[in-house]
Amino acid sequence: MASGRDTPRARRLLGTDRMEAFSDGVFSIAATLLVLDIAIHPPGTVLEQVLNAWPFYVAYVVSFLTIGAGWLSHTALTERLARSDPLLLRINLLLLLMVAFLPFPTRLVADALHGGSGERVFVTMYGLTLLAIRILGFALDAYARREHLYSPPQEDEERTDEPRELLPALGGYIVAILIGLVLPGVAIAIYFAVAVYLILFREIKRHPSRAHNSRQ
Amino acid sequence: MASGRDTPRARRLLGTDRMEAFSDGVFSIAATLLVLDIAIHPPGTVLEQVLNAWPFYVAYVVSFLTIGAGWLSHTALTERLARSDPLLLRINLLLLLMVAFLPFPTRLVADALHGGSGERVFVTMYGLTLLAIRILGFALDAYARREHLYSPPQEDEERTDEPRELLPALGGYIVAILIGLVLPGVAIAIYFAVAVYLILFREIKRHPSRAHNSRQ
Amino acid sequence: MASGRDTPRARRLLGTDRMEAFSDGVFSIAATLLVLDIAIHPPGTVLEQVLNAWPFYVAYVVSFLTIGAGWLSHTALTERLARSDPLLLRINLLLLLMVAFLPFPTRLVADALHGGSGERVFVTMYGLTLLAIRILGFALDAYARREHLYSPPQEDEERTDEPRELLPALGGYIVAILIGLVLPGVAIAIYFAVAVYLILFREIKRHPSRAHNSRQ
Amino acid sequence: MASGRDTPRARRLLGTDRMEAFSDGVFSIAATLLVLDIAIHPPGTVLEQVLNAWPFYVAYVVSFLTIGAGWLSHTALTERLARSDPLLLRINLLLLLMVAFLPFPTRLVADALHGGSGERVFVTMYGLTLLAIRILGFALDAYARREHLYSPPQEDEERTDEPRELLPALGGYIVAILIGLVLPGVAIAIYFAVAVYLILFREIKRHPSRAHNSRQ
């Protein structure tokens, strides 16, 4: 019934929609703003300049995929929420604050690898930002779990065990931060691998139950 | 009924959705654009440059949390609206105009605290922008209240008393603007405290009724 | 019925939603990007610099309100659409192309008024962009009307006569472009007046019917 | 029934909504960010500077229309999806990564045509980005088709044959990339023509079935 959307009760449900709309906004804007920091500089022929700018492309891809993986986690989480909660919104705001911050260390890392200096400092800063994003995503899930904010799983559903899935990512970040103090290039490679792992792992785990459900 | 969405009457309801979509867009873009103004500069070692850039981090966090608090207020308000109104849309547009303006004084304050000059002028400008945002949010609520645009509260609902909740924030801003004329750093600390207060207060107040409703 | 949303028929309706989502995105991003071009420059004390930057504030306000007025028109139009149409989407894309272009002439006008030169050229360019936005908005409405894409008006509805409402705005733009060739400052004042007129007029006209409908 | 939206089953459907919200965000932000790279430079009178900046306008229009055409394809695709799929989300993420990258080669091409050098390298880079976007859009459609993710066509529906429609676009891009190695200006003209073709073709093909359906 169309007029049913007009009642106070129906309107209340829009709150979760707007938490998702605001989050989608921040995730997609942060990912798209990354392109503004890609640049080429002399010396060299134009082709050399384009090729020498590889750190910008690498930084762009790693950060974009990390934000993409974070967005996938976020979507999976909000999909399972039966209700929201004030503290959940606050943790979410802190998570978005760190996601929106990521373009800054991304720019520093790319500049440093591209003929600048200070890779070790900037790669450490980048790693700490990624770690903070991951820990806040972890906190969001742990809080929703503890406060029973998730809807009960359906009988045919095989729920992803979030903590067990994310521990390797957390471990990867901590190892990479330590390695980055000496070998910043290796740390970047690990961040790339973790982003790919998070995207692949989540999708492979989610496949069976979702496909099954939607065929019903 | 799916086909019910196609009638003129059902379509009319989308208007509020788009007011929310446009508002969510402006809030999330303004918050995410803040990162573009974070920068590090010589002199000093790279690590010193990163640490000396603390005013940028502080300004980023204060403005992000203020926009986040403004977005939470805005969401709480639109959730309770039973119907929209032309003048309400206009006040909303002015509110968004000020929210979208915030990155500019944020940049000025950060530059000034980071080895520039003119902190007192810029911190005052920043405070006036925050005050304008708060007053317009207040006007939005007062107008909706006076014109009976809110849906009637449900029997088990304990409505937040918006004016009483926001008066401390307004008072905090006015005090901070006056203090900032002499001690700009203290004013920034107050703006941070007000943002945290607005986020915490709103959430604590909203907790009981919402949790109760969603468990029904 | 929840599962009703899963049918091909129900999904088809999302198309209009996404046209609105894409349009809301472009309108809100273009409006929020305007802030990036506000800047202050020497000479003068810091306070003088802030006050001398008035052309940036004026340009920001005029462009923000013009985009806001354009968004209000766009919302009013899509609310009344019973169905979409391929050519409508194409005209809409051209409209968004011009809306997203507006920050560029806005920046040129503000720079010119702020101690630069070439006001007359830039103000003319600005006016032509505004005129193009208005004409494309007009074309969108005329096309929807001719192709009977609007839903039939409800018995108690008093439809805004779009062409009659917009002709003064079109006239105002043409007059302002001609005046701006000699007196660019006056043209800017007219653009501001037209934006305010569009926002006020639309809202006053829409008031009676909408308020009446929602009270039913 | 309003409360029906609260069940786990109903919430699951939001996942597709958020894939669309994130995609709409990236498409609209990438299109709107293009304006930030438009600039005018000396030498010449102000009017000459504005007219000499034509490469920026051309690059803006071609990239905006290409993103617009990509968004139209994407909308048409998601409208027909009966269900989502983990790998589909991953291909979509790669597509968005390339769409969000487009402003960078756009800027390079415009700078080069505007009195810089290296047009051939930059136009090739631009063409490769467009080709990657098109191939990933093609892959998205091919995968959805192979995995039977599309809803079955309705009896009165005349489905667009995506591969046959897109092959001319793919061919056009490959020819343009080769031509651009020698005549970069001609390549840009082809990219413009392909964008217009994609927008016109799609709309003309979609007209009959959609208009018919919505009149039911």
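So that you can tell them apart, the chains are marked A, B, C and D in the order they are listed, and the count of residues begins at 1 in each.
The criterion applied here is as follows: a contact is a pair of C-beta atoms (placed from the backbone, for glycine too) under 8 Å apart; a residue touches a chain by one contact, two chains touch by 3 or more.
Being a predicted model, the structure only gives us computed values, none of them experimental.
Colleague: Centre to centre, using CA atoms, which chain is the farthest one from chain D?
Modeller: It is B whose centre lies farthest from that of chain D.
Colleague: Pick same or different for copies chain A and chain D, depending on whether their interface residues overlap by over half.
Modeller: Different: fewer than half of the residue numbers at the chain A-chain D interface appear in both copies.
Colleague: Using Cα averages as centroids, what's the distance between chain A and chain C in whole Å?
Modeller: It comes to 34 Å between the two C-alpha centres.
Colleague: Report the inter-centroid distance (CA atoms only) between chain C and chain D in whole Å.
Modeller: Roughly 24 Å separates the two chain centres.
Colleague: Centroid of chain B to centroid of chain D, CA atoms only: how many Å?
Modeller: Each chain reduced to its C-alpha mean, chain B and chain D end up 34 Å apart.
Colleague: Multi-chain contacts in chain A: which residues touch at least two other chains?
Modeller: Only 5-7, 9, 21, 25, 29, 33, 36, 82, 214 qualify.
Colleague: Write out the stretch or stretches of chain A touching chain D in their complex.
Modeller: 4-5, 7, 9-10, 13, 20-21, 24-25, 27-29, 31-36, 38, 40, 45-47, 49-50, 60-61, 64-65, 68, 71-72, 75, 78-82, 151-154, 199-200, 202-204, 206-207, 210-211, 213-215
Colleague: Looking at the complex, which residues from chain B come into contact with chain C?
Modeller: For this pair, the touching residues of chain B are 1-3, 5-9, 11-12, 14-15, 18-19, 21-22, 25-26, 29-30, 33, 36, 82-87, 89-90, 93, 96-97, 100-104, 108, 112, 117-118, 121-122, 125.
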